[in-house]
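Presented sequentially are two complexes of subunit A, the first with subunit B as partner and the second with subunit C.
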Partner chain A sequence: MKILIPLKQVPDSTVRVKVAPDGTSIVTEGISWSISPYDEYAIEMALERKDADPTTVVAVVTVGAARSRDALRQALAMGCDEASLITADTAAPLAVARALAKVVDETKPDLVLCGKQASDDDQGFVGPALAELLGWAHVATITKVVPVEGGVELWREVEGGHEVWKAPLPALATVHKSEKEPRYPSLPGIMKAKKKEIPEKALSALGIDASGPTWTILSMEPPPVRGGGKILKDGDAKQIAEQLATALRDEAKVL
Partner chain B sequence: MRPFVGATERELAGAVADWASRKGVAERIPAAEKEGALPRDVIAELGHLGVLGMTIPETDGGLGASAVAFALVLEELSAAWPSLAVGVAVNSGIVAGSIVRSATDEQRKRWLPKLMDGTGLGAFALTEPTSGSDAASLRTTARPDGNGWRIDGRKQFITNARYAPFAIVLARAGEFDPKRTSAGITAFVLPLDGPGVSVGPSEQKLGLRASDTSALIMENAAVGADAVLGEVGKGFAIAMAGLDGGRIGIAAQSVGIARRALEIARAYAKERRQFGRPIADFEGLRFSIAKAESDLAAARLLALRAAWLRDRGRPFTREAAMAKLYASEMAQRATHAAVQILGGNGYMRDYAVERYARDGRATTIYEGTSEIQRIVIARSLLAA
Partner chain C sequence: MTAPTAGLGAWMLLALVLVGFGGFFFRAWQLYRLLLLGRNEDRTDKPARRLRDEIVIYLGQRKLIKRPYWIRGITHALIFWGFLVITYGSADLLLRGILGWQLPGTTSPAYMWILDIFAVAVLVSVAIAMYRRAFLRPPRMHIVREGYVILAMIAFLMLTLLVFESAAIAGVRDPGHIESAAQPPVASVLAYLIPTAAGPVIFAGTWWAHVLTILAFAVYLPRTKHLHIVTTLPNVFFRKQTPRGQLSLIEDIENKETFGAASIRDFSWKQLLDGYTCTECGRCSDNCPALATGKSLDPQKIVLDIRDQLLRDGPKLLADAKAETTPPAHYVESKPEELWACTTCAACVEACPVTIEHIDKIVDMRRHLTLMEGSAPPEAQRAMTNIERAGNPWGEARETRGDWAKDLGVPTFAEKQDAEYLYFVGCAASFDRRNQKVARSVVQVLRAAGVSFAILASEETCNGDPARRIGNEYLWQTQAQQNIETMRKYGVRKVIASCPHCFNTIANEYPQLGGNYEVVHALQLVDRLIVEGKLKVGRGMTEAVAYHDPCYLGRHNGVYDEPRAVLDAIPGVQRVEIEPHNRERGFCCGAGGGRMWMEEKVGQRVNHRRIEQLLAINSGATKVASGCPFCLIMLEEGVGAKGVQEQIKPVDVLELVAARLET
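Presenting the complex of A and B:
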């Protein structure tokens, strides 16, 4: 089975995000980047299939800036077999999905696993859009994939249990979580990844218009600074309870 | 960008730092230090991660990483957990290195996989109750018995003895010659599960408590002729070559210990308030931190320089001794400064700096004391 994982490089979760002076983007200079966590789960899920069946081929692809090569390298170091890069400094989500559809047409994977959403903009757009463009069966937010006769079982967590869907191949699923935590690149993995070629193409070379229909960010602002707490200490227990109820209703507006 | 360090080397060290920080290694430390043993599953993980085989050539199934990469990895492991770093330094440094440099093809095939697979950590047995710095005066004997050799003697302070599938044991074949003390010393690969071999009780140490240090007792222990590493009578040179490399490892370890102790101290100094402001505002403390960090940076450069020379096949004995001397002494000052910055809390087990101070204490002693390093440096400077 060949599994393709489209991944996205995002600011690392340890980065303290700052709004850039233009007010519509974040400061990217000097920050560290990682594979989006849900994409890491997708990689882990695919590599678990490869552990079980070594004939499985796991490929990763990304549409992004040149620096995204590091994320692909990281995926190779984790144990993925192939990686390719489509360069675009900016691309509308639909343009990303269209570019990925071209990659799928070319490389013919049996299964595409996407993270359910990227941890930077949290849109969750690309996975389902790609399935629509391909006309493939699509199951969202899975936690397990099991090959079965005639396709795959795709497991989803639901309130109080799980659902099991069956899809013929080829199919696309978005991943909520893998059974195990994503593995770490081993040192031999890093050395092997260094020796692998990562072919690169420009988005425009695929004949895709990067602009596409998209949203426009009007403004970005950091969450308001948290004010100091308030200590109620005048009066007896009953009076304080009354003051608390009033504060919760009128000030915090939670009652 | 760092001098002496390439991109691959940085990445390998980064992967180990990630493993150490994200895999919940820190949570394992207090119990393991109390129990006095490294958890087997952590050793297995290091095998899986590829750390244990990193100094072994690719043709032998290892990673073939540079001495610079190994120094950086030991710094990271040491920053995370000094007891673990010591075990790895011995296994992948002096033990693996001695086999790679001196073993036959058959010996390499037989012994190197055991140093990489995470089932244990190899040991190097040179020191004895009556021979420490004067290593060549060792009393362990090896007698030919027709098929191979019989080894008798007692080795002391053997790191990893409890986890080791085998030890490299230095024993004297032939009579002790007071004029040529190193004559006859031969290196043997000794499996520790064989007859006549036993491991003494774990030593109770000031620091590095999770790292096993035990005696190794050989009573008429039989090994085959194929257990000799290199040539009969040439074992002392194997030991000395191993120690040269090992000293880079101890320097790197000292750097890791000092670095983490100072990181903890800096974070504490910014949080802790006295007299209405963070203690990091007080100049006495700021100067202490500035000095310690400058010394740390110098020690790291010395260690990397020695490793870099080694990678290029250049002589590095003097540079390794300088790095080991300077870095280990630096680690004493740095960890003591860190304890001082944390004050009463620094003296308590709840904060790790007291452990770094205790663990770091061994660095001026093992793989040649500071005094021995000065002898090595002076000898090379003043040679006729």
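Presenting the complex of A and C:
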């Protein structure tokens, strides 16, 4: 089985995001980047398949700026077999899905696993859009994939249990979580990934217009600074309870 | 009396000696060849210190005679010193018996006296050792038949020695003559029991019995754990002379293909020699905080696992270099969960009488797990990812590293390039709220003493200690290189660390990558400042304060006295010791070796045991002071879990100083 994972490089979760002076973007100077966490789960899920069946081929692809190469190397270090980069400094979400559809046509994977959403803009658009463009079956937010006769079983977590869907291949699923935490790359893996060739193509070279129907950011601002907590300690239990009730009603306005 | 080997006797003795020593050297040769399976490692630096250790540790038995092992230490030393004295006599005996040669001094009254007294001392010691084995049965000591056989042989050697010495005296006794004072005391008294006529016969009989026992001993010895009598000599000589807190460097890491230890061939010859030297005394196990709290780790077993695998698989590998060993050591014997339970506190290394290096083996095996298999526990992987991406194991934003100091106006090196000291704050004091208070205390104290210092703020990154001890040498090297580069940029020469892990790594391990600085722990500096009169500490409230030794300050770096001196210099503070778990026997808080970042689900939590020890001394201490941010976090958690946070408050010694500064 060949599994393709389209991934996105996003600001690392440890970065304290700052709004740029233009008010519609974030400062990207000097911040650290990593693979979007749900994409990491998708990679782990694919690698768990590869652990079970070594003939599995796991490929990753990304549409993004040149720095996205680092994210691909990280995926290779974790154990993915192939990686390719489609460079575009900016691209509308639909253009990204179209570019990925071209990659799928070319590389013919049996299964495409996307993170359910990227952790930067949280749109959750590209996975379903890609399935739509390809005309493939699509199951969202899965937690497990099991190959079965004639296709795959795709598990979803639901309240109190699981839903199990069966899809013929090829199919596309977006991933909510893998069974294990994404693996830490071995050092030989890191070294091998450093030497691996990553073919690169420009988005325009694929004949895709980077613009397309998209949204416009009107403004961006950091969330209000959270005030410190308050400790009620004057008076006996009854008085404190009264103060608490008053505070919850008048200040927090939750009662 | 001359040796009873007239005529054919000498030839017979020669044949026996050849058989006995042949048996010894044949086995020794086998063991030596097995040792060569290990990887190469140079252990010949600092020859003078090696000789000194040989005298102090091997001859002086320094690591045996220490608390709480006084009795077994002294009895062992007596047997050992007796063995040395008597071996000289035995060599003389054999030479005289075969060639008629005589070693100098062996007939002198002084030597006879020493021999005589040691024979009795050894007999008494053997009796005590037998009694301990049979009736006291010290926990975790491997009590096997071998031990009794050896003790019995030693006892028999002493008895035969005393009897043939007495018989010799009896055989030449002149009834009218008063015994000369030059004669050995015990033998000359025993001689009264032996009729003069029977003297020569008894002499010859016991002489031969003695010689045969010596030769049997030579054959038996290298086939048992008592081989340590021989191997301790090289094991002490080749012990690590680099700082205890320094792990080995993997050189040229980017071009290596395998890392760490997964089979006996991956250990160095010295690590294999450790296995031959282990006497199975169990002192390491006795002191291990992981074992004490119910984890599967047993440091003694780690050493013996390696030895057993060497003896089992080694001969096959010698015969066929390409032969496969049975699965890597940690699969069949030392299991990953044992290796991950280690806090690298060095209690085992400190306790070992024969200088076995346990931590290095454990970390080498961890290196294989982490670097080759990527199989460190998931929480440890999270910590490593955080260090990689954010420069701290908590995963806090890198650019907020200096935020704790903003309202204090502490200068960064970028702002104050001529600062004398770098205060290397460390991740804990930068990001952990409780420890930020300690960092603020450090600033107050340094300012009060007029010390010129600056910090690196967001330019500082984790020193790498947890990564290195989890086995991720690569991450440690990248972190260390980053810090070294930053320090080079600002020309940093002197470093203050308030975290013993930062202190240990920068002082002992950064030199491996070319980073050489004068590094002090904040408490060492404060001690000096108080002594020099640059820091005045006034009277605060009167209180008893227990001192908890951080492993990376105490055992790893020998800093026991300065923190105590600082406490003693604070008027009103009465220092309390957490006896007997203090100083070199200090009990780990459970956070070292990357354990801070791993879950602890098996057995009791190490920090909870520490709090129990603290409560057990019943000292009335209202505070427990330490000099390590991780100890502080663990102690805080411990008093909370035990519900004694109102009784005893964990603090850093620096906080006590800062609270009483006189301006």
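Quick note on the criterion: the second predicted complex is superposed on the first by the 235 of 255 C-alpha atoms of A that agree within 3 Å, B and C clash if a C-alpha of one lies under 4 Å from a C-alpha of the other, contacts with A are read in each partner's own complex, and residues count from 1 in each chain.
One rule holds in what follows: a residue touches a chain if its C-beta (ideal position, glycine included) is under 8 Å from a C-beta of that chain, and two chains touch if they have at least 3 such contacts.
All figures in this text were calculated on a predicted structure; none of them were measured in a lab.
Student: Tell me which touches more residues of subunit A here: subunit C or subunit B.
Tutor: Between subunit B and subunit C, C touches the greater number of residues in subunit A.
Student: Of the partners subunit B and subunit C, which touch A:13 in the superposed model: first, second, both, neither?
Tutor: In the superposed model, A:13 contacts subunit C only, not subunit B.
Student: For A:163 in the superposed arrangement: first (subunit B), second (subunit C), both or neither?
Tutor: neither
Student: Of the partners subunit B and subunit C, which touch A:242 in the superposed model: first, second, both, neither?
Tutor: Neither: A:242 stays clear of subunit B and subunit C.
Student: Check the residue A:32 against both partner chains and state whether it touches subunit B (first), subunit C (second), both, or neither.
Tutor: Only subunit C is touched by A:32; subunit B is not.
Student: Under the stated touch criterion, which partner chain does A:132 make contact with: subunit B (first), subunit C (second), both, or neither?
Tutor: A:132: touches no partner chain.
Student: Which subunit A residues contact subunit B in one complex and subunit C in the other?
Tutor: Residues 184-191, which sit in both footprints.
Student: Which residues of subunit A touch subunit C once you look at their complex with the stated criterion?
Tutor: So the residues of subunit A touching subunit C come out as 12-16, 32, 34, 180-181, 183-191.
Student: Taking the touch rule as given, give the residues of subunit B at its contact with subunit A in the complex, in rising order.
Tutor: 8, 11-12, 15-16, 18-19, 22-23, 48-51, 53-54, 63, 65
Student: Spell out the part of subunit C that touches subunit A in their complex, as residue ranges.
Tutor: That would be residues 253-254, 257-259, 370-374, 376, 378, 381-382, 384-386, 389-390, 395-400, 474 of subunit C.
Student: Could you list, by residue number, the parts of subunit A that touch subunit B in their complex?
Tutor: 77, 184-191, 194
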